[in-house]
Structures are given as structure tokens and as C-alpha cells.
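First chain A sits with chain B, and in the next complex the same chain sits with chain C.
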Partner chain A sequence: MKSYKIYLAIIIIAFAVYTLFGGTAHQAVSGASLESPSLTHPLGTDDLGIDILAQLIHGGGYSIFLGIFSAGSATFIGSIIGIISGYIGGKIDHFLMAVCDIITGMPQMILLILLGAFLGASYLSMIIVLAMLSWPQTARTIRARVLFIKEHDYIRYSKQMGTPLYAIITRHFLPPLKPLLTLAFIKMMSRSIMMEASLAYLGLGDPTSKSWGMMLNKAMAFPGIYFTPYWKWWLTAPLIALVCLILSLMLLSKEIEV
Partner chain B sequence: MQPPLLTIDALSIRYHKQPVNAVHPFNLQVIAGETIGIVGESGSGKSSIAHAIMGLLFDKATIEGTITFDGKTLMQPDWQTLRWRQIALVFQNASNVLNPMMKLSDQVAEPITTHLGLSKGRARQRAFQLLQDVGLDSTWWQAYPSQISGGMRQKVLIAMALACQPKLLIVDEPTMSLDPAAKHQVVALIQSLQEKYHFGLIVISHEMKIIQHMCSKVYVFYKGHHLEYGTLNDVLEKPRHPYTKGLIGASWELDAHRDIWGIPTSIRASAASGCPFYERCFQAKPACAQYDIKPLTIQQGHSVACQRGGIATLLNVQALQKNFHIRHHTINAVSNVSFEVKEGEVLAIIGTSGSGKSTLAHLIAGYETKDAGSITFENSPASPEDLMRRQGGLQLVTQDPAAALNSCWRIRDVLNEPLKWSLKMCEKKRHRLMRHVLHDVQLPSSESFLEKQVHALSGGEKQRLVLARALTMSPKLLIADEITAMLDPSNAANIVKLLKAMQNSHGFSMIFITHDLYLARKIADTALVLEHGKVVDYGPGPDVLTTRQDMLHHRPSNTLSSIS
Partner chain C sequence: MSKKITLFLIISCLSILFIGCAQSADDNTANAASPENNTEVESQQTADESSENNASNALEDTPTVIRLEGSDTGLPNPFKHLTRGPGMSKMQILYDSLLEIDADGYIPWLAESYHIDETGKIFTFKLVENAKWHDGTPLTAEDVLFTFEYYKTHTPVVDNLNIDGTYIVESVVQSDTWTIDIHVSQVDNTNLSRLGGVRILPKHIWETVDDPIAYDAPDATIGSGPYYMTHYDPVKGEYRYEAFDAYWGPAPAVDAIEWLPVSDSILAFENSEISLVNVSADLLTRYEGDDAFVVRKLPSFHAYRLMMNMTDVPALEAVNVRQAMAYGIDREALVAKIARGAAEVSSMGYVPKTSKWYNPEIEAYAFDAAHAKSLLDGQTYHFRLLTGNTPSEVKLAELIKLDLEQIGITVAIESVESKTRDEAIKTGDYELLLVNSGGMGGDPDYLRSIYGNASANTAALSASTLKGYQNETVAELAIEQAHTLDENQRMTLIHEMQSLIATDVPMIMLYTNQDNFVYRASEYDGWYARFDHSKLDHNKLSYVVPTP
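Our next item is the complex of A and B:
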């Protein structure tokens, strides 16, 4: 097993175990403020005296599940629209592809900030916004693939024999699309995590959440953090964790791609 | 017109203690100097008819109907004077028809003394004359039957039959078990004798070549039923009864290039009543099982005893049109193409690549939509979707089996698709039919094979699977579009053989699309040549394919001519 897979597994398991046992340590004040790392607080505490490791454990899962939900819904929407567009073709195809073009043509980050501001910065709205922005890429790849598969005689045969559309889609199109969809899913996941972190860093995330981006934001907001030794654990811990997560997902997608 | 020499009116023969007629009522007519042929498989009652005309069956069978000879309706006693003197029969050639203890000349002289009452000496004189007429060398005249060959024995039998200069001669299987040279001699002999003596001749044979050589009118019999009547050309060129077509298809002497196929012994369960050919017929309908055969009237000319009025038209394509628009050009892929496919017929569509063959197939099967034209199936307009989705409709087998099958599917899934979605069959029935069709196309039908994935199959196996999938719908018309194009010669030969065998045994019609003239010649009943989307030649297979010899010469030398 590759180390990046172990890393991903650790984040998920740690989050799951932590949440399962009703962990509230990422919100509760458990020590003095700005403690250095010790046995009780391995990564020290922040300015409010909350344990940083607990925040890290909670924030990792938060990020991954945010990625899974937003990428999942984007893949779902993208594949449906891609199949409809490619299989039915004609005017519907033109229309759907135009919508795709419009969404991809807009500056994503700005749109994200705007939508985030309008919809409010909750976990759910974050997922919806991320999904809305990422489906067009999937739709395009799926559509191209569907156009290729559609030309096979067996599809014409199925159509002529009256096989219902849902059976044609689930039996003929989805199996060969599966590897494409998995790849798109993982790529979108890392993109979503990155975007959420960016938003949070800019202070546009859910202020009550303890995501890694929000931790970074809080740490950076501490006046003169670089003049104190606190940045070594308060700032670097979430940063390294985040970089490693993005890298791990990229490595995973690379492996699937080959 | 000459008055008929022999007229048979509604004659039927039933042997004593037999539940059914050996020969059902039929009509027949012979004019002096004319030759008619009676054809049929063994057991069709041909010999019974001969014996009835000879008046030999009165103590063995009940005979109804009338036989009029030379203007006189015959009663049982009349035959005493007519038999051998006026009506003679050349028996089927067999070693036991001659008396082994008697010299040949004496055997020929015997009927002359008994029937004409000539003296022994004069009779012998006449016997010598007859033996000379039939071309038997004088060295053999004193021989015993066991010393002569089959051909010679046939000549002696003809000499005996002609002993009393009959007005009507019946020849029962004159050439059976003779070699080709002897056959030819016997046929030529009978013809020259007929010219000399001007007798009416009835030839009974199952050999189409003999009938073709000798007869001007043909009566086709099956199981004692008279199924078709017509002049020689009508019957051989345009057979109207499926049975006649089958007989012709089984005669290799008629066309040297074609493959031969016997009439299948049984396509469906036999019917208790109705048409006798029902179980073997490729175009039987439920109504055929109730069809009551009426004797054919000879005066009508070419006539047929078939519930469907003869071989029916299955598919009729009129003025089919398809254009493709590529940028600013319009390509007439198919322009004004009309043709028809009869029941049980194999139509070969021949053309070079780009001639519109595949587009034509796709139009009929609905893979492409037509711009203009009409397609009728069994005389009613039908959409390709309906035809594809119903049993007894049409099915298409395309050239690339890899594209026709989803390679991720299991074999079970492939065969399931039409059964489940088009026929809405239950699981159990599907499974049974699946194994049945796999067996038909000579693929394993085991459970483990059904679970196999399509990509694990070879090209030949895939094509068989596509055929099996088409067969699940038991189509009346199968369109085979260059099905051997992607296969190696050996596999291709196997597939073509298999397909033709299934076509024969299941009785479906076929449109066989190919660029290979040799192959088309082997299997086609009719042929259509396409060039640039237009029909340039259309007609009976042998005619079209012989006139299209030139197409053969454009071919590279390493052709698939090995397919046979």
C-alpha cells in the first residue's frame, strides 16, 4: 500500500472515530491559550486555548467529506447531462453544451466568492456551489465518450429492438464510463478541497467551521504570528496536512489514469 | 388442338386396408406424341399412378375417378385388350424384372406372341427388330439377363414395352442407378423411338435433369397429392410451390455452380389435416393446416395447390432512396432501388464497396431512416422497428461482430436482450430458447459458456453469437451484410455453410450482401447488382451472375474462391 493511501485512510478513520465518540475537543477550551506542544496537547493550543490536533483531526474529515459530496453530486449531474447530450443530440445537445460553455467561461474563484456571499457560508451551500461549478468538465468528457460509443452497431441494435433508455444507459454506457467517472470524481474532489480552503483562508468560509482553511485563516489573523514561535505548530500543521491531502489525491488520480 | 390420348379425371387410389389414399384425386392429360413428366420424392405415389393407368391395381386397391383413353372411358375389363397392346409400361430397372432363365430375345418375343398372336418365328423376327431399334448389339441377343449390364437391361425393358407398338408408353424411373453415359443413351433412345413411333409418353422420375430433357409438361406430386402443374419452363424457371422449389434446389444437375440443399425433413410439428407439405414448408401459416387440396385443373395452365397461392412475396421494396449530405455535396447512397424477396428465397445483393449495399441493409432494418420509398412486409406496410421487434419479422447481421456486440457483456446478456425487451419472455423460457439457439449455431450451450464475456470469444464465435441473437427472434427474413468480411477464409466458409444450412432448415428468407461473386453463385436464388446506389442488374441468380462475369476479373487473384 502506498503511503498516500495510508495518509488518506488515516484522515478518514481518525475523523470517523473522533466524530463517532462525540469529539468536541475542537470546539472546547481545554487549556491555556497558546500553549506549546506537550503530551496533553501534542500540537499545542490556539489563542482561545483549543487543542490544535483535535482541530486538525476534525478539519481533515470535514475537508474530505466536503470533497466527496461536492464531487459526487458534480459527477452525478455531469454524467447525466453528458449522456443526455451525447445520446439524444440535436437541439438539447446544443443547449446543454452552451450552458457548459458559459459556466466554464466564467472566472470560477470570483463566482465562488459571489455565490458563497449570496447563499451564506454554510456547509451545504458550499457543497452546492462547488458542484454547480464543476459538473461541466465531467459532462464534456462523458459526452465525447458517449458520442463514440453511440456509433457502435450494438447501440443501434438495442434501440431498434426496443430496449428501454434506462437499460441502454445502465447496461451499455455506464460500464465503459466508470473509469472516466472515477477519475473525474477524484480530480474534482481535490479541486473542491482546494477551493474551500482558499475561500476559508480569505475569510469567506463558514466562520463556525473548523476546516483546515479556517485554521489557516485564524492563525494568519493572529497579529504578528511570525514574531512568535506559535506559527511553527499553529500555522504549519494545517498547511502541511492540506498540501499532503491535495498531493495524495493527485497521486491517486494519476494511478487510476495509468 | 389434337384430342387428348389419355385423360384422367379426379382419379384416386386407396390400397386395401389402408386408412388414407395413396393417391388423392388428380387430373392428367397426355396428347399423342407428347411427353409429360411426373416428379416427386420417393413415396409420392408416382408408381401407383403408373400402375393405375396400366390397370394393374384393381385387385389391390379401390380406384375412383375415370380414365379415358383414345376417346373411350375405360372400365376394368377394357384393360385386358389395352394393356401392353395400347398402353405399355417400362418397369423400374431392377435385376428382378427379367426372367433369369430366359434368353433376352425370347423375353422380348414373349409378349408379342401372347398379345398379338403372332407365330413364334415372326415374333422372334420382330423381337430382333426391336432389339436393333433400341440399339442393343446383336451379340447380346442370346444372352441371359444376369450377363448384361444395367444399361443394357434398361434397353431390353424398353424393347419389351414397345413390342406391341403401344400408343402410350409409361417410363418409370428410366435412368435410376445408371451411370451418366448410359443415362444419356437411354434418354436419347426413348426420344428417338418416340419420334419414330409417335407414342404419348409419361416419364416418371425424381431426377429433374431427365424431366428437363424429355418433357414438355410437368406434374409435381407429393405424398399422393398433385401440388403443381405447368409447362417445363414454368415449373423449372418459376416454380410456384415451395415443394417444387425444394426439388429443384436439391438437383445438382441443373446448376453446376450452386450448392445443393435437400428439402428439410421437418420445420414444424406436422398437422393432422390440411396441406400435406405443411410440416416441411418454409412459408406455412396456421391456415395451411386447414387447407383442403382440390385437384388442379389442367386447362388452366400453370397452377398450384397452395393455400397461399404459391410462393408468396415476403418483402417488397419500392423506389428506396437515401442521400447523404456532406458539406455542400449530396451523395446518392441508394437511389430508386426496388426489389422483392420471396418466401424461402436467398437474394444476393452484389456490389463493390461504396455501392450502397450496407446502406440498403441499414435502411431496411431501420438503422438509417429512408428519404423516400416504401417497404412492405407480407403485403402490409411495416416500420423497421416493428419488424425487428417481433417474432417472424426481420433481423440484421452486420459485418463487424465486434461492433455488433458489447464486449463487456456476458453471452447470457447478449441473448437476453431481444428476448427480454422485445418479446418480454419469462426467465425460464428465455433460458431454454437461449440454449436452443446456441446449439443451432454450433456454440456450446453450457452454463459456464453463458457466463463468459463476449471479448473472450474469437471473431468466428462472435459472428455465430450474433447469428444466434438474430435467431432468437425466429425471423422470416435475415439480412446478412458481408458477414464474412472480417473472418479468415476457413471461419468464413464455416459461417456461410452454417447460415445456409439454417436458412434451409428453418425456412427463412435471406438477403445476402456480398462483393464476392463466387459466393453469391453458390447460394443465391436471385441476384441484384448495385453500382453507385443504383440497380444495374436484377434477376434469377444464374442469369445475372453469368452475365456479370466481368466482375470476377476485377478481383485480385487471392480471392476466397476456396469457400465451398
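Our next item is the complex of A and C:
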């Protein structure tokens, strides 16, 4: 098994085990402020005395599942719209693609900040906002593929035989689209995690969450952290974890693509 | 294998790049700051002659500029500045008052002398004769007379002249060109500070202005202070003041003062982009013991407090719930974790422990979760806690939430921009609210403003915003202490008030920060703290050469 897959598995398993056993160490004060790494706190503690490893495990799950839910929603919306647009065509296709163009043409980060401000910085609103901004790319890709598939004879025969639209989509369109959708899902997941981390780092996420971006934000907000030794464990741990996660997802999508 | 090496190299590079950002920013900004920006600022510190000579020499040689961390705090005139210290102080540099405040008390300023008659109701102020407005017009007693009339119908942001909704000035009589007699409605310990602190307005500008809040013409910041404003950008939060050469009083210490937005105040100070910084306790060792820096540790006269809306939240009307919360919050832990030890747990009677008016006999509310639980008698509650979005406020809210959960009170934290939070204090749109606020230095009459149902001298926190608190005894004591001239007798009343307030717990006083100001004496060493306000950059006297 490749190392990045092991890393992704560790994040998910660690979060699952931690959550199943009712872990609350990521939000409980369990030590003195800013303890350096020790056997009790392998990655040290933050300024509130909360264990950083526990925050990292919880934050990993937070990020991965945020990515899964937002990418899943975006993939679902994008594939529906892509198939409808490509299969039906005409004015509906023009309209849906115009919506895609509008959303794609807008500066994503600014839109994310604005929507986040209106909907609040909760976990759910973050998923909704990320999904709302991510689906057009999938829709475009899927539409292009559907335009190609629908010209096949078996699709025309199916239509002539009176096969319902739902059946055509599930039986004839989805199987060949599956690799494409998987790839889009992984890419969007990576993008969503990055965007959430960026928002949190800028201080626009849920301030009480323990996502990796918010961990970075809080560490960076500590006055003059670079002039203290605390950055070595407080800042470095979430930073490396986040970089590794994004790289792992990139490598995973590359493998699927190939 | 090669993939693993590549992966490792990419991670390492990204990490080093990220962590190294600060250092490269250092280098860039340091280069940008020198040499023309790295101006040497010299001035005064004491009456020491050599220091004064340095100041005057520097003024003659090169333009000297004090640069400070800035943000938009409103148009700096008495009607449009923001209520908090940074807004107030910028306005006070432009506008003079009859009296000023130094390290010990009130000192003559626009009024070169004053006299209080034996009834305590007539205050005679003799004005300096050479004062001018920034546009060159002479400042006379007519301006002072006009100011007191104007404030009667046009309330400034800092409203010191209204007590219990009554304007304290009955009449103002101009006895000669430079002398005025102010008649007040009743004897009050705070009359001198209230009258003396009023910012004098230029009559020739404001007499035609009906709506001062809407007025933003270029002459809306013309005052008589040692500096005049040459630049204000509300979007960037930039201000520039330049020395007023025709200033009547102590000479401006530098050629200009600038407030600039900075992303990180510590880095900005390290790069000499700003002249003064307030650092956390963790960074003190970096500057202490280094002769290049001066460290000033001062009590901040600010306190974090947990406000409770007793009007809209029935559960908070019960004193046992409020007391339980006071016992249930480990305030020592807040000091240790959030303030990193550089703070003191506040007195529940509001008066700071450093004040001579502090009553040490009142209930201390030491952390006692078991007692807190017993006070709640098995009841559980849920509250919404509104806080600002600064890291320290959010962290404070998190710790309070954790503490209160232990005694059966769950809390949902809602973090908003600080101006929104401050607005919520006025509107009452909160259940619990976390805020850091000042105004705790000097005369303890602030107890009347906050707890005694009197009008407040700051709009940030006032009795009207302590939602639902009403204690008739406290209100009566508040009035009595204001009219009691005997200090011992007044001390007894103030102590009694603190005792009652501590029992009622209308808001939970958390802790008072210590300010750790750091500056380079070689750049500028004229920073002063007032006896009632320790922020060095908020003190007008920090920007003028003191008279021997």
C-alpha cells in the first residue's frame, strides 16, 4: 500500500476510533499552557492547555469529512446538472451552462467569504457554501462526456424503446461516468479542504472549531509566536499534517486519472 | 523510493517556505523602512535639560514622526469618534480642554487657573490668552461659553455633562474676555473633572451646524490642540497629525504622528515601522535587560467582564444563578492561560484592587465548582454567549464554556466582529456577552455610571446597558457618595456599594490585564501614563514637550 494511502487511512481510522470512544480531549484542558512535547502530550499543548495531538486527530476527521460531504454534494449536483444539460440540450443546456459560467467566472474566495458571512461560519454552512461553489466544474466535465455518450446507438435504441429517463441515466450514463465522477470527487475534496483551511486561517471559519486551518489561525494569532519556542509544536504539527493531506489527495487523484 | 524522496522534499520546502514567510517579511520591510523611514525621533522624558535639548535639536534637524498601530476609529471630533480609547484619544489630541490629566491628577490647560467658590457650585476658569484654533482664529471665552451651550442640545460621544438625564451646567457667564463662571446645579465630587474635561469647540465653525453627527466638512476636525489633522483614510484606518506651530502651550514633541494599519504589531515594532507596542508576557524576556528597549508595566484599568441580560433572560434574574456562574468560572486559570499570568483577577465590586477605594472585605468569588453547583440546586441552563472575534476573546469564551459546563450550564458561543458586539451592548441583543472595557481608573464615581442608574460618561458601558439590574440601595448610595465631600465618609459609602454589587453580581468581572509597553528610548522616550488611564499612546501629554 502506498504511503499516502496509509496516511489517509490513519487520519480516518484515528478520527473514527477517537470519536467512537467519545474523545473530548480536543476541547478539554488537560495540561498546562504551551507544554512542549512529552509522553503525556506527544505534540505538546496549546495556550489553553489543550492537547495538540487530540486536536490534530479531531481536526483531521473534521477536514476529511468536510471534504467528503462538500465534494459529495458538489459531485451529486454537478453530475445531475451535467447529465440534464448534456442529454436534454437546447435552452436548458444554454441556461445551465450560463449559470456555470457565472459561478466559475466569479472570484471564488471572495464569494466564499461573502456567503460564509451571510450563512454563518458553522460546519453545515461551510459544506453548503463549498458545494455551491464547486459543482460547475463537475457539471461541465460530465456534460461533455454525456454529449459524447448520447450519440451512441444503444442510447438512441433505448429512447426509441421507451426506456424511462431515470433508467437511461442509471444504466447507460452513470457506469461510464463513474471514473470521471470519482476523479472529480477526489479533486473537489482536496479543493474543499484547502478552501476551508484558507478561510479558517483568515479567521473566517467557525472560531470554536478545531480544524487544522483554525489551529493554524490560533497559533499564528498568538502575539509574536515566532519569537517564542511555541511555534515548533503548535504551528508545525497542523501545518505538516495539512500539507501532507493535500499532497496525498493530489497523488490519489493522479493515480485514478492514470 | 524516488517518489518518497520527492514527497519529502516538497513537504519540507512548503513548511520552510511557510514558516520562513515572517523572516522574509522582516527583511523586506526592514529594507523598505530604511533609511528615509527610519527617522530618529527625539524628545523629552522629564524636565532633564539634556533630554529637552535633544528634543529641540531633533526638531530643528530632521522631520520627526511617531508611528503607531492604527485602525479606523472614526472622524476625530467630539461627535464622531468611536467610544473606545483609541478613538477618544485621537480626538483629544486635536481638541483641548480646560484641564488636562497627568500622572497625579488634573492640571491647568486651556484654563491657566481655576477657582471653586465656597458653595461648590460656581467654577471660575481663567483662560490662557494666546490660544488659537488650527485655522488661526483666536480662542476666547466666547468659544468656551458657546461649547457649554452647544453640548446642552448636541450631545457629544463622551457625555460628561449629563447626570441622571440632567445637564449639570445651569449657566455660563463670561466675566471678561478671558474669564468664565460656570454655575452647576448641584454639588458633586466629579464636577471639576466633568467641566474640566469638556473638549472646547470653535464657535465660528459649529454655531452654524445643526446636526454635528452628520457634519463632516474639512473644518470638522479643527481644534486648538498641539497637532492638527492632515490625513484621514477611514478605509485603511490611517491618520496623520502634524505639529501645530502656533500652539499656545507646551510645544509639540514631534513633527508628526501617524497611525498606520499593521498586520502584526510585534513584527511591525521589530522592523521599526511603529514606535510603541504592547507585548504579551511571553515576549517580555526578549526586551527586558536589553538597553535598547524600555519596558513599562502598567495596570491597564481595563477588565474583561461577562455581562448578563437580566431583562430578556428570566433565568439570569435569579441572583443564585449569577453567583453560581461567578463561583463556577476559574478566573485564576483565565489569567494563567489567556493573559499568560500578566493580569489580576478582578474584584467583583468593580473597583480595581490597585485603587485606594477598593474594598478588600467583599466576597472574592474564589473558584468553587461544588458551591456553584449547590447554588444551582440541580437546575441546568443554556445560554448564548456573544463575544468578539479576536483570538483572546474566543479563547476566553471557550474556557468559560468549559467551566460552566462543569456546573450544569451549557453555552453556545457566537463570535462576531467587535463593533457588532459593542452595538449589542447598547441594543441588548445578547444573553451573555463578553467584553473588555476600560474607564476603571481615577475617581470611583464610575460606580454611579454603571450600577447606580446614572447617565454614563462613556457610551460603551453604562447603567442603561446593564440590562435589568436595579438595586435601590446601590442607586441611593451612588448619589450620596457623589455629594459627600468628606473623603472618609465617602470611602465608607463606596465600600458599601462594592459590597452590595459583589453580592448582586450584575456582571461577572473576570480579570484586569497588565499592559507591557515597549519602546526604543533612542527613537522617542516621551511616553507618559495618566493616573486614570495607562495606555501610553492615549495620553495627550505623551506628544508634547513638558514644561519644567
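We take it that the second predicted complex is superposed on the first by the 258 of 258 C-alpha atoms of A that agree within 3 Å, B and C clash if a C-alpha of one lies under 4 Å from a C-alpha of the other, contacts with A are read in each partner's own complex, and residues count from 1 in each chain.
The rule is short, and it goes like this: a contact is a pair of C-beta atoms (placed from the backbone, for glycine too) under 8 Å apart; a residue touches a chain by one contact, two chains touch by 3 or more.
Note that this is a predicted model, so its numbers are computed, not measured.
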Practice task
Look at where chain B and chain C land on chain A after superposing the complexes, then choose clash or fit.
Solution key: fit
Practice task
State whether A:Tyr154 touches chain B only (first), chain C only (second), both chains, or neither.
Solution key: first
Practice task
Identify the partner contact of A:Gly49: answer first if only chain B is touched, second if only chain C is, both if each is, neither if none is.
Solution key: second
Practice task
Quick one: classify A:Met109 as touching chain B (first), chain C (second), both or neither.
Solution key: neither
Exercise for the section: Pick one for A:Pro176: touches chain B only (first), chain C only (second), both, or neither. Expected result: first
Practice task
Look at A:Gly162 in the shared chain and tell me whether it touches chain B only, chain C only, both, or neither; answer first, second, both or neither.
Solution key: first
Exercise for the section: Quick one: classify A:Gly203 as touching chain B (first), chain C (second), both or neither. Expected result: second
Exercise for the section: Using the superposition on chain A described above, determine whether A:Ile92 touches chain B (first), chain C (second), both, or neither. Expected result: neither
Problem - Superposed model, chain A: greater residue contact from chain B or chain C - result: C
Problem - Smallest separation of CA atoms, chain C relative to chain B, angstrom - result: 35
Exercise for the section: Report, in rising order, the residues of chain A that make contact with chain B in one complex and with chain C in the other. Expected result: none
Completion exercise
Within their complex, chain A touches chain C through residues 3-4, 27-29, 33, 47-49, 121, 203, 207-208, 217-218, 221-224, 226-228, 230-231, 235-236, 239-240, 243-244, 247, 251
Fill in the blank from the handout: Note: in the complex, chain A contacts chain B through residues 152-154, 156-158, 160-164, 167, 171-172, 175-176
Problem - Contacting residues of chain B [partner chain A, same complex] - result: 365-367, 384-385, 388-389, 396, 398, 400, 403-406, 408-409, 413, 417-418, 421-422
Problem - Residues of chain C defined as touching chain A within the complex - result: 4, 7, 10-11, 14-15, 18-19, 22-23, 264-267, 279-280, 282-283, 286, 333, 336-338, 340, 389, 391, 394-395, 397-399, 402, 413, 415
